[in-house]
Each structure stands twice: as C-alpha cells, then as structure tokens.
Amino acid sequence: MESLIGRRIGVLDDGFVEVVDCMGDDAAIVQAARVSYGEGTKRVTEDRGLIRYLMRHRHTTPFEMCEIKLHVRTTMDCWRQWIRHRTANVNEHSTRYSVAIDSAQRTAPGQWRLQSKDNRQGSEGSLSAERGEHFSGREAEIIASTRQVYDERLAAGIAREQARKDLPLSTYTEAYWKIDLHNLLHFLELRMEPHAQYEIRQYAEAIGFQIVSQWVPLTWEAFLDYRLGAMSLSRTEIGLLSLLHAGRGVEAVEEMQVAGWLQREGDICKPSREAREFAAKLQRLGLSPPWQT
Amino acid sequence: MESLIGRRIGVLDDGFVEVVDCMGDDAAIVQAARVSYGEGTKRVTEDRGLIRYLMRHRHTTPFEMCEIKLHVRTTMDCWRQWIRHRTANVNEHSTRYSVAIDSAQRTAPGQWRLQSKDNRQGSEGSLSAERGEHFSGREAEIIASTRQVYDERLAAGIAREQARKDLPLSTYTEAYWKIDLHNLLHFLELRMEPHAQYEIRQYAEAIGFQIVSQWVPLTWEAFLDYRLGAMSLSRTEIGLLSLLHAGRGVEAVEEMQVAGWLQREGDICKPSREAREFAAKLQRLGLSPPWQT
Amino acid sequence: MESLIGRRIGVLDDGFVEVVDCMGDDAAIVQAARVSYGEGTKRVTEDRGLIRYLMRHRHTTPFEMCEIKLHVRTTMDCWRQWIRHRTANVNEHSTRYSVAIDSAQRTAPGQWRLQSKDNRQGSEGSLSAERGEHFSGREAEIIASTRQVYDERLAAGIAREQARKDLPLSTYTEAYWKIDLHNLLHFLELRMEPHAQYEIRQYAEAIGFQIVSQWVPLTWEAFLDYRLGAMSLSRTEIGLLSLLHAGRGVEAVEEMQVAGWLQREGDICKPSREAREFAAKLQRLGLSPPWQT
Amino acid sequence: MESLIGRRIGVLDDGFVEVVDCMGDDAAIVQAARVSYGEGTKRVTEDRGLIRYLMRHRHTTPFEMCEIKLHVRTTMDCWRQWIRHRTANVNEHSTRYSVAIDSAQRTAPGQWRLQSKDNRQGSEGSLSAERGEHFSGREAEIIASTRQVYDERLAAGIAREQARKDLPLSTYTEAYWKIDLHNLLHFLELRMEPHAQYEIRQYAEAIGFQIVSQWVPLTWEAFLDYRLGAMSLSRTEIGLLSLLHAGRGVEAVEEMQVAGWLQREGDICKPSREAREFAAKLQRLGLSPPWQT
C-alpha cells in the first residue's frame, strides 16, 4: 500500500486516481470487530474467517473503521454521478476561486457508443470509426470554441464564477475524496456493475482492482465473493427454482404466465423483463429456462 | 393510512408505536421516479411495475421521497440498538429536563430466553415457567429498588441528570422518530430478520406489518419479495449449485473440503458454519445437501 | 402554505422552485420539543418563546421534525453547488434516461459581473451594457452550437449518456429536493449570505422569503434574528471591544499591531483582511475603528 | 501526536479516551484547501493564516480531511448522549456477544450535584459530603445488587441479550469512535460548553485539551478563538448595543420593555431569561446593563 501513495493511476484520456492517505487495513477491521464482539470472537482464530463472516452477515460497522483519501481527476459529467454518494468528504477544485482546468475529455472515432434499445439508461455497440470520425471532429471544435468563449470572458474581467457558465460537462475537475471502506465498497458495488456508465466504471475498476485489492486484500476477496459476484434471488424466483428442482417445470411456467412474466404467443413464450433477468440467473446456475424461446 | 394516525399500537408490555404524520405514498415514489427518468418511463404504464423495478434494481432515491414520523415508547436497552440507525431525526424524552418515565419492561415467568449455543449473539428456547418464576420475582425487586433510589435522590434535590445514573436499561423512554422510507426499509430488513433481538423485532414487525403495509402497499409487497424474502447466493455458492445442477455433486463436496467447508470424520462430513448456511439455502430451494450428515 | 403547493416561483431566466409537499409546521416543532423536554416546558406558555429559545440555544433536533419537498429547476452549474449539501433526498432529471432539457441560462447585456478584486471568489460591479452586448451574443452562439452538437449525436443514435458530454453547465436541470427544516435553514444561512454566488442566492432568497416565511413564520422570524441577522465576535474581537469600551483605544491598536492586524505606514494604518472585517462589525455596532485610515 | 497513540487518558472514575489512529494534520487541511481554492491561495503564504481564514468563514470541508479514531470507555448513560452525534463511525462493545463490563461509575460523597433552579437541564452546587455519604452508600448497594441479578441470570443460562436488561445506566461500556475533525469540533463545541452535562464535558475536555490541541495545534487555536471563545449577538442585541454606544440607553430600555425583555416592578426591572443572557454578554464586553437591577 505504501507504494501506492502518491502514484497516479491514469483513467480515461486525462483523468487519474491517486491515494493521498489511508487509515487502517484488514487488521484494523478485525481489531474493531473484536471490540464489538469481545471475548466472543476469540474462537474465530483466523482474521480471514472473521472478515468473511462480517461481510456475509452485513456487519458493516467494522469496515467503517478504515478510511481512504483519494485525489481524483475526472470530468464534471462523471463527477455529477460521483457526488451523489453522500457519505464522503470532498474538497473540489473551485472554479470560483481559480481558473478552470484547461482539459476536456475527448472521444476517439471508434468510441462513440450507441443507445441501448433494451435499456433506456445504457449503451451498446458503437458507431463505426468512419462515422465516428465526424463526431470526434465536431467534438474537438466545440471543446475549442467553448474554451475560447471562457478565456475571452476572463480576459474582459468577467468574474470567474460567471465566466464558467458555458463550460462543457466534459471539462476535467479535480477533488480530494475521502470515504470509509464500507461506503467505498457500496460505491464500488454500484459503479462496477455492468449497467453503470462506462466512464465512472473505469474509475470504480481502477479504485477496486488497483487500490482496494492492495490495501485490504482479505476484505477485497470477501467483497468479490459475497457482494460483487453474488446473486440475489427474489421470493418468487426461489419458489420457481424449487419447482424446477422438483421437476415441476410446467407448473413454474404456468405460475409465470399468471404473474405476467410470460406472454404466450402461439408456441413460444415472450418473457417480460423480469423473466429475462430470471433466465440470466438460471443460466449462471447451469440451468435452462423452462419455457420455449 | 389516515385512520392510523394517532392510534397506538402496543408493543412489549408497556411500549407502543404510533404514526404522528407522514409525507407521500406509493404515488409519490412513482412521481419522483418519473422526474428522474422522465419521458423514458411513460412506457411503464403501471405504478406497480415501476415500483417493483425500482426495488429490484436498487434505485433507492425515489423511496427517500416518502417520510414518516412515529412516536415510539420503548426501553432504553432497545433504544440503544434503534439509535444506531443514524439516518433518522430524533427527539427523545430527556431525563435531564424531566423526571424519567416510571415504567420498566417486565418479563413473564415463561419468557426468560436461554443463550443460544450456536449463535453467540442469540437466544433459543426458554427457562421453564417454574424456574422463571424466581427470575421474574427478582426482576420486580430490582426494578422497584432502582426506582426507589432514583426517587430518593430527586427528593433530596439531586439533579435529574445525575439522579438517573442507576436507572435500569429496562426503563421505558419515548421518542419522536422521523425517517424516510428507504432508510426505514433498511431498518426493517435488519430488525425483522430472525437474528435480530426479540424486543426490537417486535417493534420492527409492528411498524412493517401494521404501518408500512397500509401506508405504501405496493412498496411493501415489493419489499417482501425482493428484500425480506430474498436469498443471496455468494459466488462460491453459485459455483457449487451449478455443479449440483450438472449432477457433479461429488466434485462439489471435494471443492467444499478443499475450501474448509467440510471436515470429513469417518463416513460423515462435519460442515462449517458457512456450509450449514448453504445447506439451509439448498433446503429452501428444494434440494438436499450433497454431503452425508 | 396550502396555497403555495403547486405554485411555481420563477427564479433566474427560466428556473423555478415549487413546493410539492411538506410535513409539520411551527406547532410540530413545539410538539417535538415538548416530547424531549417533557413537563419541563409546560411553563413556557408561548410557542413563540419556545421556538426562539430553541433557535437561540441551538437545540436543532425539533426543527428536524419538519420536512419539505421542493421541485426545482436550475442550471447544472448552480446544481453543482446545491448538491454539496449532503443531508437532503434528491431525484434529479436523468440525462441518461431522457433527453436533456432544451434550455440554458442566458445573460442580459447589463448582467455580466466583474471579478472582485478584494474577494477571490466573488464578483462586484458589471460590464457596461454596451460591452456586455458582445458577450451576450457570443453566449447565444455557444448555447446554440453546443445544443446542435448534442442533437446531431442523438440523431445518429449515439447513447444519451455520451451525447450529453459537451452540454454547457448553463443547461437547466430539474430535481425533487427534500430536506428537513434544520438542514434547510443551514442551507439558507450559507446561500443567502452576500458572498454566496448570485445565482444560488436567488434560489435561497425565493425559498426563504417566499416559502419558509409562510410555512413556519415563527421559526423564520427567529432565524432572521438569531442566525441570518446575527454577528459573531471572536475571542480576540471581544477583548478589543472591551478595551474600546474602557476608553483604551490606544492599547487596542497596539494589540492589533502586535497581532499583525495593522501595519503602520507613516501616519496611517493598513488593516489586514481580518481587521477590515472587524471594522465592518464595529460600524454595525455604531462605533468607528480606533485606527486612522 | 505519535506519543499519544495507545496512551490512555483517564476520565471519570474508571473511563478513558485513547487515540488508536489518525489521518492528516494541520498540513493536510491546508493541502485540501489549496486543491479547492487552487492558485488563488498561493498569496496566503502562511498555513496559520489560511487555517484561521477557513475557520472564520466556515469553510468546513478542509477540516473533514482529517480523521481520528478513539477508543473510549464511558458509562452507558454518557454514551446515550454521545451517540446522538450521528456523523461518526462506531463499534461498541456488544453485550449480546459478550458479558457486560463489570464496572459502574461511582459518586464520591461530595459529588452529588443539586438540581439547578434556573436551568431545568442543569445542576449547580452539591450536597454536603455528610449528606452525600448516604447516597454514595445507597449507590454502592444498588450497583452491587443489579450486578448480582445480572450474574445470577447468566449463571442460569439466560441469554446475555436479555440478562442485561436491568443493568444500570452507570455501567461502563467501550467503543471505537471514528470521526472527522470538522464533526469532532462540532461535538467539542457542544459538549465543552458550560451547560453540557458534567460527565460528557470531562470527555470533551480531555479530547480537546489533551488530544486535538496536540494533533492539530493551529486548528485548535483557531477553534478556541472563533468558536469556543466566540460570542454571537442577535439582530436585536446588535440594535441595543448600537443604542448604548450612541448614549441612548433609555431608548434601549424602552425597546426591551416593549419586547418583553424587562418587566418594570416599581423602580427596578425584572429581566427575562433572554435579557439576562444579554446582560452576561455586555459584562463580557466590559459594559453594564442599562437597566437598574
């Protein structure tokens, strides 16, 4: 961990994350748990076992005993999402006090993502690099012209707090971001998942795989097992799976039809969104959906 | 819901919960979600479907748009656990300003619970009513004598803030407790689960089944399905279940032995705590554990 | 208050604030305080007196018992400051799910503010309307061209989450913002003060003078007296003022020189920033600074 | 600071506070402020000046960049107040998992405080040691008998979570308590003030004078000057003081009568509680109240 402090890990075309300082480690979590649980945990001889137990049973307070302070550089657009995690301490570069950072995120021709048909908040696939060329060119122009407008205002003596008003969201900003490990893991769980936006996912993965994994390796392992790699089955799904296990797939399909998960159209069944999510879980569990697709 | 306001729901021998006021309902959640997701959600024609989608995908902020204010009366012991939920607004009866409430929780002879062997923080079974008789008698004595000491101090002019110092934790206190629905559901998820202490569980169940279920019925239904009645499978458990589905139970058992989940002792396997938790999940899914017990 | 719900109060050129719902009022604060302070407050016969007492002595929890939900429309730039107040519930219009609002804040020729010389984070005075003409024209161009780029991307099927990246900070966004009264007053105290940026100050003043003053009039009056209109004297300033009251102005000046508040330059004294702040306080108290300026 | 880590500072008869770990110092506050305010603060050459500026102008976020973890041992009664500060991370000794600590706070014969006449939540003066003798004896008895009841329950196999129910509030508990410097200063401001209860004040003073003063000496000095030793004048008080400075004391008295601060009774004036608070401020400023007492 020592070797991580002060080392910038590049993210996106001009962003980074860097550890400024940290407090505690896997041992501090164990130490705090033992204050809470006292003599009772003497039997748990292994730190690893205790940390896994805490993670599995959602004993979250011992993880709050570790704290990390990062210096991050990201776009204002990405920061808009980031800052929604309220349980952190933040000092952001102020564009009232100082001139805005002269850098904005740029998109390579092959990186223009297409709107997902399936998921209103997502993207899938991308424009061809040929078509993307045009958009990358336009992007360069608009970044240049918005900056020009900004600089011209400053040169005329207009207040920084007002001059900045038309800067693009792609403008980079910097911040010190300090958070405890429990809340950091929550951030990572939400922002590492496939539906998180690409940009913030890059930051979350850098923080997770390159920083947290080094800082608290036992906690990281438990997090991957019990949180990031875990699957939640709803009460309904548990019932359906039990039917499948009992060889009663026909009943399961009937129940799904009653619940509106499947719409029979001739021989095949059109699954609802929730049914498709269930099918994906079945696949991960090595089973096929019981309806014909 | 209107009919709930001002009605005291009794809990324990002398406690209660009572709705003082509330803001929002299922419709307010939908309304807030539609501000966030805008035109995009017009297609979701049904409120119920949207609320279930939000709950399933952990879109928590719309649930924060509902707020409830309860008047509760509980023991100081129970309150010690309750107050650990930090995201609430609280006004508690002050025993610096006022005389302490003259009531303490009493235990019937048949209600003395035994220490769980299996779970260091739990209880199971109870003393016989005959043996309990003794302890209920002793309890009455100690409650009486601690109060006597308190009253005697007050009579001598000793400051309330100091006179209270030896009141028993079983003394009742009252508070206004105001919380948003998202955080209330989190409270309920933790405090309604079987391992929560009996006393606070009574409050959580009263709030859940008698209040929240009336206040936001669609949310409550989704909560039961996706949260309270849900099951989480760890990455390891997903792998083991896939092996079982593929008819490779022997391999699963081998993996569990390697991971330390099973200790072979002659013909039978001694499961670790985590293995027993897995077995309970298998049972809920209609399967038997693959090892001999 | 009823009459406020659903009425839009215009702010800036195309923003607004609107009460969606509220819980509690002055009477609810008194009610909560009486739970805390119990019999002890029976003597305080007047609600007004009790509310003023609570405000004066920073008993903040009773004010947390009131909650308000606003629908606001403001610029992303302004929202960047607003969202830094963490103790609120928020649902913001998502530009991942939906197309961005087609409106950006525009500046009239006479409204271009100049950078303050004195205060690195402020503005003072403004460009002449003639000179401002140029900047308002440039602003219209850049707002039009950034929107054109955005629309062109959407038309090509680029994902909304990426298309938005170069929208200007002046783009309007909307949110539901729900907060308790104690935290709202803290927001207002910080954002109504003269050094707050003009734009957010307009929102704070609209919320304060047009909403809170109607909603909880007794609390609002106490807030103006004990918070917004109050003055804080540091320990050093208290000492200096005592010297002035004792007719020992010369000593006061000497102490200020020793502390580095005054730099003598010939006959006159150059005051430090802290000394000038002290002089402003003296003036408000009807006194002149004891040094020659 | 290094020398403080792991050293127990005794508080009350059997409590303590001890630094387990800390992150950051005065320099970290300056570093964070410079990220926020960027180039703008290069002119502020001195760290001390910058820290004082931040404290004076309530720029609180840089102080959040420091974090401290304490191990504390205090009574459950005192902890009930302590835990009301919600912005901290906590791991408390669990009396569900473990046997309760066998120690309760005891009161020396001369330390029984009398109820304040003036302040419903305070104490003033104390019983004579002779009279106190009786109450200290009774206290010893009740502490012994409550413990006996507890031990007897445990011996009979009653669950720890239930056996504890009649432990007195004076029972000691231990916790890890982790908090950022900004929130710690807020805690200290409230708990070091004369109206805070004696017991928690002992902890606050130990933390303030023995720990924070060593950890962040520049911040501590600024805190004493701008927060703990500061005085707030309400808008009304500012107006009255201006009248006094202008030699218009008679008018001031008239205004106070109109506002209900003074009740004339023959030749003398009976001041309200707020008027007495104002008189105390005047005295601190070297002035006498303008009314006859």
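Each chain gets a letter, A, B, C and D, in the order it is written, and its residues are counted from 1.
Just so it is clear, a contact is a pair of C-beta atoms (placed from the backbone, for glycine too) under 8 Å apart; a residue touches a chain by one contact, two chains touch by 3 or more.
Small disclaimer: the values here were computed from a predicted structure and weren't measured.
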More Cb-Cb contact pairs, comparing A-B against A-D, go to A-D
Going by C-alpha centroids, which chain is farthest from chain C? Tell me that one. B
Based only on mean CA positions, could you tell me how far chain B sits from chain D in angstrom? 32
Whole-Å distance, chain A centre to chain B centre, using C-alpha means? 28
Counting in whole Å, what is the centre-to-centre distance of chain A and chain D, each centre being its mean C-alpha position? 40
Multi-partner residues of chain D (at least 2 other chains): 37, 40, 90, 94, 97, 120-121
Counting only contacts in the complex, chain D reaches chain A at residues 21-24, 28, 32-33, 35-41, 61-62, 64-65, 67, 69, 71, 89-94, 97-99, 174-176, 178, 180
Within their complex, chain C touches chain A through residues 75-77, 80, 83-84, 86-87, 90, 94, 96-97, 104-105, 107, 112-116, 120-123, 127, 131, 135, 138-139, 142-143, 145-146, 149, 152-153, 156-162, 164-170, 197-198
What part of chain D is in contact with chain C in the complex they form? 37, 40, 52-53, 56, 58, 120-121, 190, 224-226, 229-236, 238, 241-243, 245-246, 273-274, 277, 284-287
